[in-house]
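In what follows, chain A forms one complex with chain B and a second complex with chain C.
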Partner chain A sequence: MEDFLKEMADILDEESVNESDRLDGFDAWDSLAILSVIAMADSRYRAAFSAQQVRAAGTVGDLYRLLSASAKAG
Partner chain B sequence: MNLVFHGKKIEGLLAILPANERLFVDEMDQFDFPRARSLKLKEVMGYDRHRIVDGAVCVSDLAVAGFEHLFAQGLLGRDDFDALILVTQSPDYLMPATSSVIQGRLGLKHDMFCMDINQGCAGFLIGLYQAFMLLEQPAIRRVALVNADVMSRKVSVRDRNSYPLIGDAASITLICRGEKDTPIHANLKMDGSRREALMIPAGGLREPSSPETRIPHADDEGNLRARDNLVMDGSAVFNFVQTEVPPMIDALLAAAQTNAAAVDAYLFHQPNRFMLQKLADKMQVPYAKMPSNVVEHFGNSSGVTIPLALTLNLRERVLGETLTTVLGGFGVGLTWSSMLLPLGPLAFCDMINYPQVS
Partner chain C sequence: MTTHEPNLLNLAGSHYLITGAGSGIGRATAALFASLGARVTLVDCDEAPLAELIDNLPNGPHARRVYDLADVEGIDDLVRDIVSANGRLHGMVHAAGTQVVMPARDIKPEMWRRILAVNTEAALALARNMARKRVCQGGGSVVFISSVMAMAGSAGSVAYSMSKAALHGMARSLALELAPLSVRVNCIAPGFVRTPMLERLERTWDASQRDAVEALHPLGFGEAQDIAHAAAFLAAATGRWITGTVLVVDGGYLAK
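Our next item is the complex of A and B:
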């Protein structure tokens, strides 16, 4: 989870992010950030997510649970 | 499907680039995005500059200039080829075929097999397969394969999703029978059910161009484009490439009974640096073996990016020796294909500007 938060902070151009932060509250939550998340999911979890799936996650924590669930399933 | 060809080779290759060069930083303000985010995009994707035709330049203009250069330099005789294949998605007309336009403008002989193929990012490979098949005919001694696109004319200048990466270019590749009967292994897959990932919705007969299809609309992200413009589902394309390409290359090497250690260079289609480096990471290929710098120099010119990756990065080597290359194309269709190709020594491997300054 800590690694994930660090990587999300980097993607979102922030010093740090918290699990409870809403994704659409970040200025940098755009198509580039979403593609960066998709690329992270591919390299970290070997899982393919659509932009719609990623966009539907409400908070940073929701996104973590979405991505890591696929890793366990795979 | 697996394909195999025998006794064919590439003799030489010429790339033709519009002289007009645009910088990403000069174009950022035409997008409805904060500058800081566009600069981040530039850094992550590897955007810098791209070549865009100046005005109403067509595919046949680039191709004719390229052939005239080859004739003038003595690199190709006017009567020394018997087939002209053009791979493009941006033809001069709906009809006739633009290969016929090129033949007519150059005044070439009538014993000529002209053919247009509608393909994009895998177009260099598809064109080579067609050339190899034509060379089975004794009457066909040499094939000129033209890859050319002026897609900047179909991309909205206010679409940050596509415009920064697009590039216009053409290449002419000469293919003939080789002395050696070494096999060329290849494979190819297509999936038309995912055809909407990359498309120009209007302007064909399904949805004719009209005043309505010319009106730009903002998408969810703030990219402005019309139905007449190219639209790309970037994340779907990313997933497609990362999912399909690595197993395709594994299957190619297995079919050829060789392995990655024997490969000198991976010459892949160039969508952007980001996608190629992610692909190299996944395939565990060192970046030095897989050029990813075409988009930052010239933009993504569909089927011309593999010739550009070769001329930009491996010109000296491929003029002097034979390299074991893996070519990879993936994109519109969707289409994905790869080829294990012994390449070189080539007679020429050059780049010229259009129009040429004399």
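Our next item is the complex of A and C:
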């Protein structure tokens, strides 16, 4: 989880982020950030997500659970 | 009276090295070149698809090498081994490629270095061997598979675009260096063609995104064979006066 939060902080251009933070509350949460999350999911979790799936995640924690579930399923 | 032109696409008696031969454009090119009479040496980082492909190629004998082209330093040895086992080359098609769709603000140096190594540096490391008499049979054709992304921007493709645009510059300068040896050097710039690389991208798109990308191509997505046909045209006698250029094969992507 810690590595994931660091990665998300980089993507969102923040010093740090928390599990409960809402994604749409970040200025940097845009279509390019979504591309970065998709690439991160592919490289770290070998998981393929659509922009729609990533966009549907409400919080940073939701995103983590989405990626983790996919990694376990794979 | 009817006169019959010889088959200008005949590649009989030639030996081509084809990278990325395990799938997509490389695989289609290997199959087409073999069917036109060439012997081919297939290079890919995955063994299984090479073994399956080589068993189904006509003519021959063909050969295969499992190699990760990100190891640029080892490419001279790879080429030397291929030539020593299978004979000198008439040319090569560098179709191996890798891509990470990620915006510039987030892509990591190790990611863009791998893209540059496989897509660009390996192309130079392979092609410069055509200047060596022990490698080159005498005359021939080098084809780099680039991309429309070398000529038109696309968000999230900065590293890929950089790696492919570099091929265009490299092809022009190499064409001048190798022309005295009758070795021609060209690029093919494909649009989106149905390959495993596109399938990976498609898994990250929803239906409307997929339709939007296909709509960028007035003729729709291409097939790997469309690019293989262009590679054969450049390799064969049909391409004998073409060097240092980029052949765009994109279903109209760049026409807009």
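What we mean here is this: the second predicted complex is superposed on the first by the 74 of 74 C-alpha atoms of A that agree within 3 Å, B and C clash if a C-alpha of one lies under 4 Å from a C-alpha of the other, contacts with A are read in each partner's own complex, and residues count from 1 in each chain.
Simple rule for what comes next: contacts are C-beta pairs under 8 Å (C-beta built on N, C-alpha and C of every residue); 3 or more make two chains touch, one makes a residue touch a chain.
The shown structure was predicted, so the numbers you read here are calculated from the model rather than taken from an experiment.
In the overlay built on the shared chain, the residue A:S50 is in contact with chain B and with chain C. Once the two complexes are overlaid on the shared chain, A:D10 sits against chain C while remaining clear of chain B.
Touch criterion met: A:D27 reaches chain B, while chain C stays clear of it. By the touch criterion defined above, A:L35 lies against chain B and chain C together after alignment on the C-alpha atoms of chain A. Within chain A, the residues touched by chain B in the first complex and by chain C in the second are 13, 31-32, 35-36, 38-39, 42-43, 48-51.
Residues of chain C that touch chain A in their complex: 100-103, 105-107, 111, 155-156, 200, 203-206, 209. Across the complex, chain A is touched by residues 33-34, 36-37, 40-41, 44-45, 161, 221, 233-236, 238-239, 242-243, 274, 278, 281-282 of chain B.
Partner chain B is touched in their complex by these residues of chain A: 13, 27-28, 30-32, 34-36, 38-39, 42-43, 48-51, 54.
Within the complex formed with chain C, the residues of chain A that make contact are 10-11, 13, 31-33, 35-36, 38-39, 42-43, 48-52.
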